Each structure stands twice: as C-alpha cells, then as structure tokens.
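Provided herewith is a single structure, encoded as structure tokens, for subsequent inquiry.
Order of writing sets the chain letters: A, B, C and D. Residues in each chain are counted from 1.
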Amino acid sequence: MAVRAAVAGASGYAGGELLRLLLAHPEVEIGALTGNTNAGQRLGTLQPHLLPLADRVLDPTVPDVLAGHDVVFLALPHGQSAAVAEQLGPDVLVVDMGADFRLEDAADWETYYGSPHAGTWPYGLPELPGARAALEGSKRIAVPGCYPTAVSLAFFPAYAAALAEPEAVVVAASGTSGAGKAPKPHLLGSEVMGSMSPYGVGGVHRHTPEMIQNLSAAAAEPVSVSFTPTLAPMPRGILATCSAKAKPGVTAESLRAAYAKAFADEPFVHLLPEGQWPATASVHGSNAVQVQVAYDAAAGRIIAIAAIDNLTKGTAGGAVQSMNLALGLDETLGLTTIGVAP
Amino acid sequence: MAVRAAVAGASGYAGGELLRLLLAHPEVEIGALTGNTNAGQRLGTLQPHLLPLADRVLDPTVPDVLAGHDVVFLALPHGQSAAVAEQLGPDVLVVDMGADFRLEDAADWETYYGSPHAGTWPYGLPELPGARAALEGSKRIAVPGCYPTAVSLAFFPAYAAALAEPEAVVVAASGTSGAGKAPKPHLLGSEVMGSMSPYGVGGVHRHTPEMIQNLSAAAAEPVSVSFTPTLAPMPRGILATCSAKAKPGVTAESLRAAYAKAFADEPFVHLLPEGQWPATASVHGSNAVQVQVAYDAAAGRIIAIAAIDNLTKGTAGGAVQSMNLALGLDETLGLTTIGVAP
Amino acid sequence: MAVRAAVAGASGYAGGELLRLLLAHPEVEIGALTGNTNAGQRLGTLQPHLLPLADRVLDPTVPDVLAGHDVVFLALPHGQSAAVAEQLGPDVLVVDMGADFRLEDAADWETYYGSPHAGTWPYGLPELPGARAALEGSKRIAVPGCYPTAVSLAFFPAYAAALAEPEAVVVAASGTSGAGKAPKPHLLGSEVMGSMSPYGVGGVHRHTPEMIQNLSAAAAEPVSVSFTPTLAPMPRGILATCSAKAKPGVTAESLRAAYAKAFADEPFVHLLPEGQWPATASVHGSNAVQVQVAYDAAAGRIIAIAAIDNLTKGTAGGAVQSMNLALGLDETLGLTTIGVAP
Amino acid sequence: MAVRAAVAGASGYAGGELLRLLLAHPEVEIGALTGNTNAGQRLGTLQPHLLPLADRVLDPTVPDVLAGHDVVFLALPHGQSAAVAEQLGPDVLVVDMGADFRLEDAADWETYYGSPHAGTWPYGLPELPGARAALEGSKRIAVPGCYPTAVSLAFFPAYAAALAEPEAVVVAASGTSGAGKAPKPHLLGSEVMGSMSPYGVGGVHRHTPEMIQNLSAAAAEPVSVSFTPTLAPMPRGILATCSAKAKPGVTAESLRAAYAKAFADEPFVHLLPEGQWPATASVHGSNAVQVQVAYDAAAGRIIAIAAIDNLTKGTAGGAVQSMNLALGLDETLGLTTIGVAP
C-alpha cells in the first residue's frame, strides 16, 4: 500500500529535490503538487529535470488540494506552516521543510525571525542522540536547516564525548541553491561564478540558534557558536569547518575514537579514513555525509569538517529519511549514499 | 538470479559512472573491479563518491580476474578490447565502452586511429532504426561515443524522414569529464573554468566517422558531417547543435511531426514542447536525452539540438541500457530520466 | 586636455566594464554617471570592483546631468538613445552601446525590434573594411552587438576574399554577463553553473540581421546566417564557431593567407599559429580577439572561430576603441591585448 | 631609464601573472624569461593570454641568461632561490616569489620544509607595521605566501590594537591557481568544478608559521593560528575568514576604529563600508584587498575577512608593489585597485 504524498511548494529548489527523491522512493506515490505564484504552470517548465512529472500542473496551496494524503511536505516561506498543518489535522504526517518548528526556545525564534513562535516539532536529524526515538511514529517533523545539518553532524560527537570546549567557531561554504530560486542580483550566475563571499557575519544568520541548540544538547552544557556562512561558486553542497579548543587530555586517538563510535551504525554518515578529506562533489545528489576530524596539536584545537549536499541530506533527503522513520519504513528507503561525480 | 558484472577500468570516469549505475541496478551484482596503474588501490580513494564500494581494492586487468562473470564491461584505452574479449569467450556478454568495435568501415578506423581494425559489434544506441533487434540477445556490444550519441539522436530523425540535405554541420560543447581523468595541463580546473575553447577542428576528431556512419544509415545516402567539438566549463554534459539545409517542401510542422514520431515510444528521449530548449543541467546524472528542433525559415535550415550527460547516456548509461536489451531485461532497469538539478 | 566622458547606464554590466576601461584611459576624465532605478545609490554598492569610484553616487539620466561632456556613452535599453542623443546636440560625441543605430535596413529593425527605426550611425567595428574611415571624426557611433563582433571578425575575411559560399552557419557560446544584470530565474547561478543551453534558435535572435549586414557587405553579395546562440557557464566570453561551404578551389593555404592578410595590421585581432585554437579565458578582460581558421577537406567547409570578451571587445572595449578613432587619439589607448588568465 | 627585469619561472601561474603586470608597468622593460622543462617553448603556447609576448621563447634558468638585469624575479620551486641569488650578486634586486626567505625562525623552516634554512629577507607585505622601511632600497625581497597575505592583512589590525586574544582560527578558500600549473588528478576541472574541499588540515600547511610570525609581531606576543585551507571552484581568489576571542572591553566601534586607522593611508587595502562584505570577484586581477570586520557579541569574538586575488596581491602584485618600494618608485606603479568583474 503506497504512501500518498503531497508537496506544497513544488516549484522551488527544496520542492524539486524532494520530488526527485520521491520519484525514486519505492513506497511513495506522488499526489498533489502546489505552488503559490506558479500555480497553473507546467512542472516541465519549472523543473525541467523532472521529466516524469513534466505534464503535471501546479495547484494552488489550499486545504482542499492538500487533503487526502498520508504525508504532506511543506516547502513554504517561514511563518506559513502552522496554519496549513492545523488544517490537515493530527492524523496526517506533516513534514515541514521550513524553519517554523525547529527551535525549542521561543525567545530565540522571536529574536531571529521577529514573529511569534509556532512551536517545536520532533527534529528531523536522526543521527543526533535521542532523535530517532522522537521521530518514530511522529505525525509532525521539523526538517533541520542545511547548515545546522552539516555543522551538527560534524561536531556533535566532539561535544557528546566531552572533548571540546563550549565555544565553537564555524565557517561554512554553501552552494547557491541554498539561497533559493527567487531571482536576486547577487545570485546571478555572472556574480557568483568565480566568487567567494561571506554574508550574515557576526552571529546574525538564522541558522545560528539551531546549531547552538544541537551542540548544547550534545554537550549537556551551553555551547556558543560563532558562525560565518559563505557563498561558493557551485550550485549545491555545503562544506562546514568546525573548530573548538580541545579539553585537557584530548588526543588525536581519543578524538578519532569518539567519531568512529558516534557514526559506527549510521547508514548515511561516513567517517573518512585518516588522510582523506570530505569534498562536496563526492556527495552531490546523495544523502551521504562525509566527515573527517583532526587534532591541531600546536593550537590545541579540534577541527571537524563535514560535506553534505545542501538540497539532499541538508533538506529533501533529510526530510525523506525522517519520513521513513515516522512511517515505520526502512530509514534508507529511496535514498542513496552514492554521489553523482565528477 | 543476479547478473554478475565485472568492470575493467574502474578507476576512470567511465568506469566510475558505470559503477554508480550498476550499484542501483536491481538485477546486477558487482564482481571484479580492475585497474591498470591503479591496481592495488582502494576505490574509496579513486572514486570517493562511491561510498558503498569504498573498501574494494582494484585488481589487475588479467583474464583470471575477469573470468566467471555474466557481463564484462571494458573501459580500456582503445586497441585493448579485442584481446580481452577473445579471452573471455563467446558466452560472456562483453560491453566495450571504448571505440574499437564502433565503426563498420575498416578504412575509417585506420584513418582515424592508425591501427588495424578489430571488427564491428552491434552498436549500443537502441534508439537508432534497427538497433534494438541487433542488441537483443547479443554477446557483444560496442557502446557509442559520447558525441555521436548526442548528435545521432538529435539528427537521425531529420535524415530518416528525408527532410535534411546530406551535409551536416555540428558544433557540440562537452563537459571536461569527456576528456578523461588523466591529468593534462589544459584540463586543469584553473584552465577550464571560465573558458570555452574548440579542439579537433576541421574533421579530425575521431568521433566524426561514427556520426557519418549513423546519419548516413538513417538517410540511406552518404551524409557528410563537419564537426567542431568545444570544451565547456562544466564537469558533465554535451550540448550538440546540428544544422543542415532543409530539403524542398520542409515545414516547421513536418519537421516537428518527424521528430515526434521518431521518439514517440522512446523511454529516454524527450522531444521538448515547442519553445523549450534542452539544457545539460536538466539531464545531469540521468540517461535522458532532451531534444528540440527548429526550422530557420530565412536560412532554409533545420537546427536540431540535443542535451545529454556525456557520462550517463553518452557512456555508462548507454552501456547499461544496451546490456539490459542483450540480457532480455527491461531496457530501462537501473536507469532514470530524472536529472540532478540544479 | 582630458576628454570628459559621461556614462548613462552606469549600473549595468556594460556600464561597469566601460568605467573599468575609462579609469585606465590616459586621456579620459570620468564625468557624470547616471542610472535609472539605481539613481541615488553608491557605485560602491552597485559595482564593488570599481574601488576608485566607490563613493560616487548615480545621478538620474536627464539632459542637465549629461550636458557639458565631450563624450557621452549610452548604455540604455533599446529605443531610448535617439531622444537622448538629440538633446545632447551634434557637437558631442555620442557612443551608443545599445542596438538602436546598428542596422542599415529599417525593415530589419522593425522586424526584429518591433518599433520604428531610429537611423544608422557609423558602425564601431574598425576592423571591418571601410569602417575606420567612417569612424574618424564622427560624432555618432553605434557600438556593435557582442555576437556580431565575434562572428564578423571571425568570418569577414573568408567573405571579403570570396572564399566562402553565402550561407553561413554560426553557433556561438556566450558567458552570462551578455544577458545583463536584471535578475531572471534562468540566469541564477544555480541554473547556469554546470549547464549549456541554447536560446533564440531558428533565426530569431536580434543579432542575426547585424551579422547578415556585415558578412553581406564583406562578400558584396547577400549572405544568409543561421545563428544559434548558447548560454555557457562562465561570466564572460564569447566563442563563435562559423562555418560555410568553401567556394571551388579553396585550399587550406589560400584560406590562411586571406586571414593573415586581413589581420596583418590589426592591433587587437590575432590570427593564432596553426594548431592553436582560441580560448575565451585568454582574452578575459582584454580587447583582444583570437581567431583561427581551418579547412575541413572532407566536408568541403571553412570553419572560422573567434574568442572575445563579450564585455570588453564585444561592448565597452569596442566602444573605447571607436571613441579613440572618433577623437583622433591612438586607437589602442586605454586598451590591452593581455588577458587576465587563468 | 627603464628598469630591466628578468623572470625565472615564466611558464607557471605566478610567472604569467607577473608578466601580465610588468607588461603594463610604465618603468619596466621585460628582459630574459626562463623556464625549466619548458625552456625552448614559445610563450604563446604556454601563456596564450600574454599576446604581446607570444613569440618570445623561454631560455633555460642559468646565470648567463639572468645576468645584466636590474631586477630578477624568481618563481622557482622552494630551495632553489638562494643559489641563484648568490650568483646574481648583491647589486641586483632579487625578488623571491617562493618561500625560501619568508620565515625568520630557522627551526620553523626546517619543521615545515624539511631542509636547511636559507635565511630571511625583507618581507614584501608593505602594509604590515614597519615593513615599508625595510623594503625601501633593499636588494632582496621575500614575497609573502598568498594565504599569509590575506590573513595577515585581515587580522593584524586587531592584534596591533590589542583587541584580540592570541588564539586565531582561520578558514580560507582559495582558487585553484594557488595549487600551481603542474597537472595533478585532484586539480582537474572535472574534479574541482562543483566542489569545495579542505586540505592540509590540523596545522600542517606550510603557510601556517608565516601567519603566526606576522600576527605575533603585530600583537607583540605569541599568537597561535589554527589554519584550515580549502580549495574552491574558481580559478583565482582567496577569501580568508579570521576569528579570535575579543579582549575584554572590545566593542564593534573600537574594532572598526582600529581597522579604519590601520588602513587609512593604504592605497590597496579597502575597509568596506559597514554592511558590505568582501567578494573575491571584486578584486579579480587587481592588487586590491577588500576587508571587513565584525564583532560577534553573543560569542564574544572578532571576525575579520579579507578577499584578495591570490595571483595578484597574493603573489605577483605584491612582488611588483615591493619592487616599486625597493627601487624608490611610486608604490602603486603598474598596479590597479580595479577588479575585472563580473
């Protein structure tokens, strides 16, 4: 019996990637596809890479269209998910790919988003301690942000094993699809090709409190995160470099052992062999996470680095992985660890 | 009962893409993997995107290693396939991803490759008239070149329907993976990013006789092809622009009708709706072919354009598609028409 | 005594490139800079690479602002130049970087632009036969389109020497800056990186009649041009591949001799040594044109290829070169043949 | 009276960029050009963007060839500069673009390079406190590494003003030209396009002691630097993100004031207006440095970011700037702050 899935916000990059994955999911049947300003348009025009859906026409994002599905994915601007979820009722699995239900602290939400907090849903990063249990059987899932996915996976083992001091410094490079499909001058190909540039420097990026939440939970103490995102000249991928002072007694060996243990049974997270470093190209289009960790003895610091595909593991793949858990399916169904490279 | 497949030349781009596809093929079990200078190395180092095979170590390309498989794929330098195939015997399906058995005319081979002609095998481009019948049940397959795949699919309908004069002009842009993984200065990232450049101009590219062979067969008359390949700043993809004078009486409608008919039942070739043009990004990592055709009334010419992924439909995907036919499997098994975009 | 220059449309790519060149021009002093929707903004925000002008604020494009200069460059949407030029009076050198005054045939203009024809000004491609004489001392200059610059320079020698049949086939790849700075979804970095795609296929691109005009003049007979433009994943550069049947008796030697003669005294056009082919990276940021030509004996065709920087020689550099001629300055002042590579 | 300059190592990226700049330098005449394995080749083949030098043929790097110049630039593999400099004698200005004479501490050199220390020459980063005086009139110059140039300029003001704690964390992204022109598989275009990846993680990159040297000198106390370099999919450019805990009492205002003061009279370093961030595209091909600084109040950290062109300010531009000082010329001769963008 197939799981019938609707996608609200099917014309953007997150929606398109989700459809790419759902088309290959053996248990999912694609139902309603909706858009906002793009309602009425052919998907073949909006997402020309999704040939099997080329003749589908987007419906408007209204309750009648989204009703009658087992799962509804929301790829909506923030602030809109709560109302839609309420209309769908408590028995439908709602997977929110936006930010609305990620944060536990209402004050954090209000500081970073400037609107009332909608609530907190089980957090769709199964690899975090305790996360799987909360997702299994859940009817609500908050899919993590793309940067927090990469950063949390790169760095939680160091905090969970009490190896890192609670002041994290993170510099991450993202492909341009992370900035979405709305055309803005600084996102033009002419502007981004050949250019690296930072943005949201100084703690103002909205993904910051989400990283703090995850690393603090792992550390069982408050962790500060100084986060600098940069825009890289590539369509996809996040490379997150995470650094913190090592606690006394940490060695390269104890560090590596903690990471090996954290990811031993994880289907998607691969701690690379020593000497090999993550590359975003290697995880292009896959749900895999490549992680490596090093101890900088001279500086006394831990450096952990993760590469993900921001649209797959960082958004739509993470959503499908969590959906699988919520529905009691094999967590890896419809997902791959094989990248499309070169 | 799984089909057991060996890959000779698993460290290059063609071999890597083939493994990516075979890993997702429901009927194939991956057997021996061999390399030449890379024998003894971990695949995780050579192909870091193929995480499920990371711990496999390449064997040398010798008969004992390749024996005992149902299918052997050869991704070898040209001139080496005949000897390997002979050793494997007539009952093993041998799929040659190199050039050795593509050409029917021995003189063409000798002109373009400067060595004795090894022979001609059934040609692995099922969409060409008559090709499927020759592939079904065959124990030998010559996988087409990447450029001839794009050009033949873009232009054979115009010739098969006798709409085009027999003098074709082709300009094609290829991603850099088409030039292989051997490091050469002009293929450095520093050189290719931001640059378009032609090569092999004036009829000297080795794929030229293969295009002539395919279009002449479709036209049932000799067709000349003036082919200009260009190197484009992208890792994958071919965009082939094909032009010829229209025969008297051709109209935009008759042209479109011929293309619609040619591809009506093809699972991988999509004639785009009028007004939409192919883009290599849309077929990235997929076996799909996007085709569009226009009639330039002022110049009296037909322009047909195809986009493929040079490594998938242009090499490894075409190989798998033909293997499926040779083994009596569903032609589309293990292949997708969904691109990884953006 | 410096030449005082105003730039109307200083916020776009053409205007920005022009300012980059004028800043390095030993005889030019930069005067008024105007914008339309960007009037009132700092140039440091709009053109962050022009550090010496960072604190300049754009004025509105009105007659009072543009008055009192020796030269006024117009980088305006088409249809607006005539009115501005009239206000400036006949003694001011007006260099129109738009399309309004390029075409000689009013019917062509109306067909391709759908508005009344404004007139014809001396055409700013000095390398064309007779063009320099028309530019020297002129008070009006129509700067050619970027594609026609590349195509005309690549192919006029074959026509001027009566070596090519009058049916040209042109496929050209352009960097994305050719499409301008107005943000549109298909020009997003996420869309263009990794993608080659055609547009305006079938003779509908507005630069077509301009190519026909130039090649027909060189040939002294009507030449048809079947032109296919493609968008390439790079910010700058045009690679134009031009093909035509050779007239009887043409040889590789006669072809090369014609090209050598055509460009012998040209400061910016370099016929490359045999065996070397143009690359857009080599002319990045320069006014140089790299040209190479080959005779495809099997197909009986001439293939001529040019690489230019679409913003420099294709727009702003061509404008400065023509301005130099009009003002009686050394034609090469402020321009370079040295590319910024890699 | 022109300065006659020789370039040893003219076929690589550093040598090519140097020639690009020297060709535009009003006081320099280009003399001998030498290569190692490329001796005897035309520069037009090796550096096709340097059209004015296309017909020059490389000489071997031997004393007779390099003799008789006012300045000799060395772009040689490390370990070779001392012997060449000795042969040239004390009256010739020798500008070493390699690493040999950058470090003051012989033990650092031996640790990172594994060979005897050749010595220490005046350090060619004029913007550092006291550096100009040492360069003026000097006959020996050690050009800084590309990463240390970006990092030192981004971060020395924070240390010179005693605002930052002495534990720096640096993550920098570099274009691929920083890795040189020797073809290696991981530098192929197919590998680097679409990919971000780190290397030399954990304090092992050879530029680390140079950063420590510069920041420690500015701080007048030992500063540790934990440095992570990453390879970015672009040919040129470095974006360096530098972070350190703020000392007690630091405010956004005091931080900004320190930076404004440090760069007030610098011709090449531009502290951007608040809210604008550096982009490597903006300094492409120029000697400019774009710097911005922020105070992350929540984390109590300073984040300073610089963008440079690794080949210009990071190598050849820095060399020319220092040569100008050594020769008593205007420091900015032959250099620009105008980038080639987009």
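By our rule, a contact is a pair of C-beta atoms (placed from the backbone, for glycine too) under 8 Å apart; a residue touches a chain by one contact, two chains touch by 3 or more.
Since we're looking at a predicted model, the values are computed, not measured.
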item	value
Neighbouring chains common to chain B and chain C, by label	A, D
Label of the chain whose CA centroid is most distant from the centroid of chain B	D
Pair of chains joined by more contacts [C-beta pairs], A-D or C-D	A-D
Intercentroid distance (Cα basis), chain C paired with chain A, Å	45
Centroid distance [mean C-alpha coordinates] between chain D and chain A, Å	37
Residue list for chain B, restricted to those that touch at least two other chains	13, 175, 177, 188, 190-191, 193-194, 233-236, 279, 281-282, 284, 342
Interface residues, chain D side, partner chain A - complex	167, 169, 171, 173, 175, 188, 190-191, 193-199, 201-203, 208, 224-226, 228, 230, 232-237, 239, 241, 243, 245, 277-282, 284, 292, 294-301, 303, 305, 307, 342
Touching residues on chain B, where the partner in the complex is chain A	13, 16, 20, 23-24, 42, 44-45, 47-52, 54, 177, 193-194, 235-236, 270, 272-273, 276, 279, 281-286, 288, 290, 336-342
Complex contacts: residues of chain C adjacent to chain A	13, 175-177, 179, 181, 183-185, 187-194, 233-235
